[in-house]
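The block underneath contains the structure these notes are about, expressed in structure tokens.
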Amino acid sequence: MDWQAIRLSVELAAATTAVLLALGLPLAYWLARTRWRGRAIVEAIVALPIVLPPTVLGFYVLVALGPASPVGAAWERLFGQGLVFTFEGLLIASVLYSLPFAVQPFAAAFATLDRRLEEAAWCLGVGRLATFFKVCLPLAWPGVLTGIVLSFAHTLGEFGVVLMIGGNIPGETRTVSIAIYDEVQALDYAAAGRTSAILLAFSFAVLLATYALQRRFVQAWPVR
Amino acid sequence: MDWQAIRLSVELAAATTAVLLALGLPLAYWLARTRWRGRAIVEAIVALPIVLPPTVLGFYVLVALGPASPVGAAWERLFGQGLVFTFEGLLIASVLYSLPFAVQPFAAAFATLDRRLEEAAWCLGVGRLATFFKVCLPLAWPGVLTGIVLSFAHTLGEFGVVLMIGGNIPGETRTVSIAIYDEVQALDYAAAGRTSAILLAFSFAVLLATYALQRRFVQAWPVR
Amino acid sequence: ARAGEITVAAAANLKYAVDELVAAFRVERPDVEVKVTYGASGNFFAQLSQRAPFDLFLSADAVYPARLVEAGLALDDAMFRYATGRLALWIPPGSTLPVGSLGLAALRDPRVRRIAIANPRHAPYGVAAIEALTAAGLREELSGRLVLGENVGQAAQFVQSRAADAGFIALSLAVSPPLAGGTHYVVPAELHAPLEQAGVIPQRARDPAAALAFRDFLLGEHGRAILSRFGYGP
Amino acid sequence: MAGSLKADFSRRFPGGPVVGAALELPLDPPRVTVLFGPSGCGKTTVLRCLAGLERPDEGEIRFGAQCWFEAAAGISLPAQRRGIGFVFQDYALFPHLDVAANVGFGLGGMPAGEQRRRVAAMLDRLGLAGMAARRPRELSGGQQQRVALARALVREPRLLLLDEPLSALDAVLRDALRDELRGLLLQAGIPTVVVTHDRNEALVLGRVLQSGPVIEVFNRPASARVAGIVGVETRQPGRVVAIHEGLAEVEVGTARLHAVAGPGIPRDVLVCLRGEDVILQREPGPASSVRNRLAARVIGIQPAVPLTRIELDAGFPLFAWVTRPACEELGLAPGEEVTALFKASAVHLLPHEGAPAASQR
Amino acid sequence: MAGSLKADFSRRFPGGPVVGAALELPLDPPRVTVLFGPSGCGKTTVLRCLAGLERPDEGEIRFGAQCWFEAAAGISLPAQRRGIGFVFQDYALFPHLDVAANVGFGLGGMPAGEQRRRVAAMLDRLGLAGMAARRPRELSGGQQQRVALARALVREPRLLLLDEPLSALDAVLRDALRDELRGLLLQAGIPTVVVTHDRNEALVLGRVLQSGPVIEVFNRPASARVAGIVGVETRQPGRVVAIHEGLAEVEVGTARLHAVAGPGIPRDVLVCLRGEDVILQREPGPASSVRNRLAARVIGIQPAVPLTRIELDAGFPLFAWVTRPACEELGLAPGEEVTALFKASAVHLLPHEGAPAASQR
């Protein structure tokens, strides 16, 4: 069993989700609140990455981040190591590809918030940032959780982009989804089945725990 | 330019989204409303398909729907044609794989609805189904739209499952994402770039129109 | 009206050769329409096991066809060898790596930080690449620099994008128009087991007659000539 | 419509109180019934149970011959089929629909023209003309409340449930709407249950729950609790020392009162007296039909509209409401001595169960 | 705190009305100012502008020496830094937090123990003890309103804005809380602006906007509009026929009245008279200080609490409020002839601008 691959996948999924929260929450909040007319353009662009087949997106990202590209070259000068075929490269690609799965549900959740609750918090002297964390985030929780779950699960299963950027290097960039793919391709269905079963069981446990725990929150919702 | 593939992709994405609306909305509504303790299990299961690499999921679906399977055999008896390597087979696989992208945002949107508005509709003699369409759906619109956009866009870009179930048969099951993939594989980057550009432009136009139009709805939200 | 229509499932490394074969076949048999689907042989195997509607399967190796014959899914219980592939080391245009003079030993150069190969777990060219490196006594030294593509096509892309500095790919690919600008070194055949490529006509072929016709064309003189032009051995 | 609305049920909130109700309202002729009670006593809960939005844990509800709810048989008619109109305490307007669509929401089956006509007429009636195209969030609180009212009324339901239907309105508009509402209800012949805190509203709109006509409840509250709610200012424990000829003599503090005594009056009573039944004079004055005539000292004066509230010590704390001119003419000021007069029939005796009535809430 | 809250601004709603305000409230000593106005006139909008939740289109707001808003300079201090407390018309409680967390929400910087102590004390004070762990949706409407009040008060803001703070409460609780609230405000020394529809609330809590002490406004409304709002029942157009010694003689309908006349009274006036300033007698009685003494016929009787409203024809429509005992003693009934008495000082004359005042809303 390729435990290394499983660990790497979980790390990648966790890191991707964390980055998406950090980037996606402010972006989504802005999208939900701005009255700027160009908002629809940004929303449409955010959704675009998933329109391309992952391998193809991966190829373009590979070119964009490769050592021949300005980004890749700059990175290499700074860190003495290329961006592609590294965990950092994988992370960037995963974040890009999973962006819509996080930002869209976040933005939808913020859009339906009752603004007056925010106003009430402001009137209590609570700053905008604190209000965001203490009022908006808990109230938008079902949508935020959806974004987290979709990003995390999708990164676990992602394969095309990761293969392209990562190069399938055991212990470094071979994720469990690539491992399973390889097993299927090698007609080793038994091994593929075992690895899939472990991945599914792990994911199921994580998801179940998440949903069971969130019930507590959700009970707060339906404002009677 | 492989217009056939583009047409097929759009048809598949539209059909998938339609089926996901029909299946996903009731399922999501139920998930958001039920007090059954097993709900978290169903929610976790719904999210599972995206944890597996698409090709691997496609492989299992292929086996599950293939002529040797009970489902495939029954279908063949009924319709005189197998399920795999047909549009119908593709549709089933796409729906399965995109299920979480639709159901999760739908459910999150329904979970934050103010139940009292539904109650108000019931008290006005409006039945549950009509209330769903006239109250719940418009109020959950940002979340529902998110689910639609994610399903549609993701089906356009989907490649692993579609390749496995469809078999990449030109004019029958070769979607545009597979076509681009093939072009990249053939190192024909010019063709891949052209097809990608068309796909992206089309998607961008559709998404932009969608988001621009929905502004009208969204203005109704923030319950002052 | 056409006498027949067949769909060929062909390994990705055949792309350029088979496109030309089809064009030539069309001249000979305008009544038969040939559609080709390129992809991973492993996927085709899985699909054929589920009775995919392919009339001819041209695998990248001999294992998948053998397994289909074993499973009783091949017409006449027979597979056919149609070519032997050759492994090539390819470096991108502009690279000054002296592959011409040093051969595989050129990979020792410290400028070579990444070497792309197809995944040896399931891709025959990947297996051959490992065998060649082993035979050349470079495996230990270079294994840390390997990156694995899904197939030789992806290995080529790694190099093309300069993400990798050299790659083991099929000779047929190295001589194809998109890669012709680079430099390649044909790995001596003795360094790896022969890359036999075989095919079958699936039992459920919709038009076995037309499929047989295309197979015979492929195995015939004209066909072999085209294949050899694309770097395939007999 | 014959018969009555009979309800007898209870609803337990886990971790909260138990709300019970037992009421019978005749449907013919249609009446307006007022649900009065302190904040949090369960008024909204009772309305929600009647509407079918909340399921009681026990009991039953019948509307005429129709069974709406029966816990034992597991019957519960859904809200849609009860034919009610409900105005929610916080309006519950549809934020995505404009005012006209909100009001017309329940008129689904009707031809569009008829629908439009009715909506327009109702908006006009409630002073909302010209706002048909606004969204709820573009309305003030009082405007929203009127839209909610219009939405419920326009369907001409067979039972109307109003939870504080006028609380967000200013005095003038409330007066106007109160009369308008009464007119509408009488005209349409819709039996109605109203929750309100406004005593005038209760009086104008209908009778108070469980206790006959309105005036009756205000004068003769059935319990110390109700006495507190309807605002009987003076509530003092007393002891009945004698009864003859239907007149009880009651000791309250250091004073003695006369009160009309019903049958079965216990020894320990709660003496209830409304402030506006107390007349203040400077001199004791000549004897008259007024039975109670107590010397009192003014303790405090609180001006209010339309009356001034006078706090007195008459051997026990006593409150009186007097008009402002009277207050001026009598030269009332703290420390002044006056005579307080009130009829025996104005004094209401309740059995007193130990706890001081003032803390009954 | 010295200085005053000065605000002079206007807010235009696209497709809606323009809301304007011009007010100056002294901050020292802190006062309670009441915003009175018909539904939809812009009271909530004014509060929201003061709070910094809504941006006026023009004008400025200064609090003491601090500039809160200035349209010309593009200055607008965010709500957080204005140090206000705001009770929303529909509460706006945080649904995901329990009562204690709602009330403690604004006490961020404080040590946890101190925070808990303050929250508990405030809950106790507003009759919410024992509900600390409930969620808002598990509270009744009135309980929610009190939580909103507690949340705003516990921070001891430097300006308190209350939008109908007691509307959801029953009479007894409202009386109790009104006094409690006044106590709290006086004690804490917090300048307050209250929006209310309740005249008693206005009177007890503070002075009415722009018009000096409360009693003044009720007696001498500055415009026909205000007169309507504060509930002056009798509003009739009249013509001044003579003025001497500060007393005007006014023709109203077929009757003549005497009124105290201020300077610059025009010929066409609106005669305003509060119902509780009218005394009814059976006989004309002896002469006294009462100037106006009109023969009138009873037209209608509407019982209300605490007074009965009598509609009279005295040559013009006249309303009077009398106590119930008085009503009974006088044997009032439609058609009966009575004498209506009221002092010249009770009649208030306003310039009349053509439109009949009764339809001014």
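Note that the chains are named A, B, C, D and E in the order they appear, and that numbering of residues resets to 1 at the start of each chain.
The rule is simple: contacts are C-beta pairs under 8 Å (C-beta built on N, C-alpha and C of every residue); 3 or more make two chains touch, one makes a residue touch a chain.
Here the structure is a predicted model, which means the values were calculated and not measured.
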**Request:** Indicate the lowest number of steps between chain B and chain E, counting one step per move to a touching chain.
**Result:** 2
**Request:** Hop across touching chains from chain A and tell me the fewest hops that reach chain D.
**Result:** 2
**Item:** Those chains which touch chain C and also touch chain A
**Value:** B
**Item:** Chains most often in contact, by C-beta pairs
**Value:** A-B
**Fill in**
chain A turns onto chain B (C-alpha superposition, degrees, nearest 5) by 180
**Message:** Can you work out the whole-Å distance between the CA centroids of chain A and chain E?
**Reply:** 55
**Item:** Distance from the mean Cα position of chain C to that of chain B, given in whole angstrom
**Value:** 35
**Asked** Cα centroid separation between chain A and chain B, in whole Å?
**Response** 19
**Prompt:** What is the distance in Å between the mean C-alpha positions of chain D and chain E?
**Reply:** 22
**Item:** chain A, residues touching no fewer than two other chains
**Value:** 59, 114, 116, 139, 181, 184, 221-224
**Fill in**
By the touch definition above, chain D meets two or more other chains at residues 90, 138
**Fill in**
For chain C, residue numbers touching 2 or more other chains are 43, 46, 154, 157
**Asked** Which chain pairs here would you call touching?
**Response** A-B, A-C, A-E, B-C, B-D, D-E
**Prompt:** Residues of chain C touching chain A in their complex?
**Reply:** 40, 42-43, 45-46, 64, 67, 113-114, 116, 119, 121-123, 146-150, 154, 157-158, 161-164
**Prompt:** What does chain D use to touch chain B in their complex?
**Reply:** 51-53, 78-81, 83-86, 88, 90, 92-97, 105-106, 108, 135-138, 151-152, 155
**Parts of chain A lying in touch with chain B, wherever the complex brings them together** = 32, 39-41, 43-45, 47-48, 50-57, 59-60, 100-101, 104-105, 107-109, 111-116, 139-140, 142-143, 145-146, 149-150, 153-154, 156-160, 177-178, 180-181, 184, 192, 196, 199-200, 203-204, 207-208, 210-212, 215, 218, 221-224
**Message:** So in the complex, the part of chain B that touches chain D is made up of which residues?
**Reply:** 114, 116-117, 119-128, 130, 134-135, 138-139, 141, 217, 220-224
**Asked** Which residues of chain C touch chain B in the complex?
**Response** 7, 9, 12, 15-16, 35, 37-39, 43, 46-47, 49-54, 151, 153-154, 156-157, 160, 173, 176, 178-179
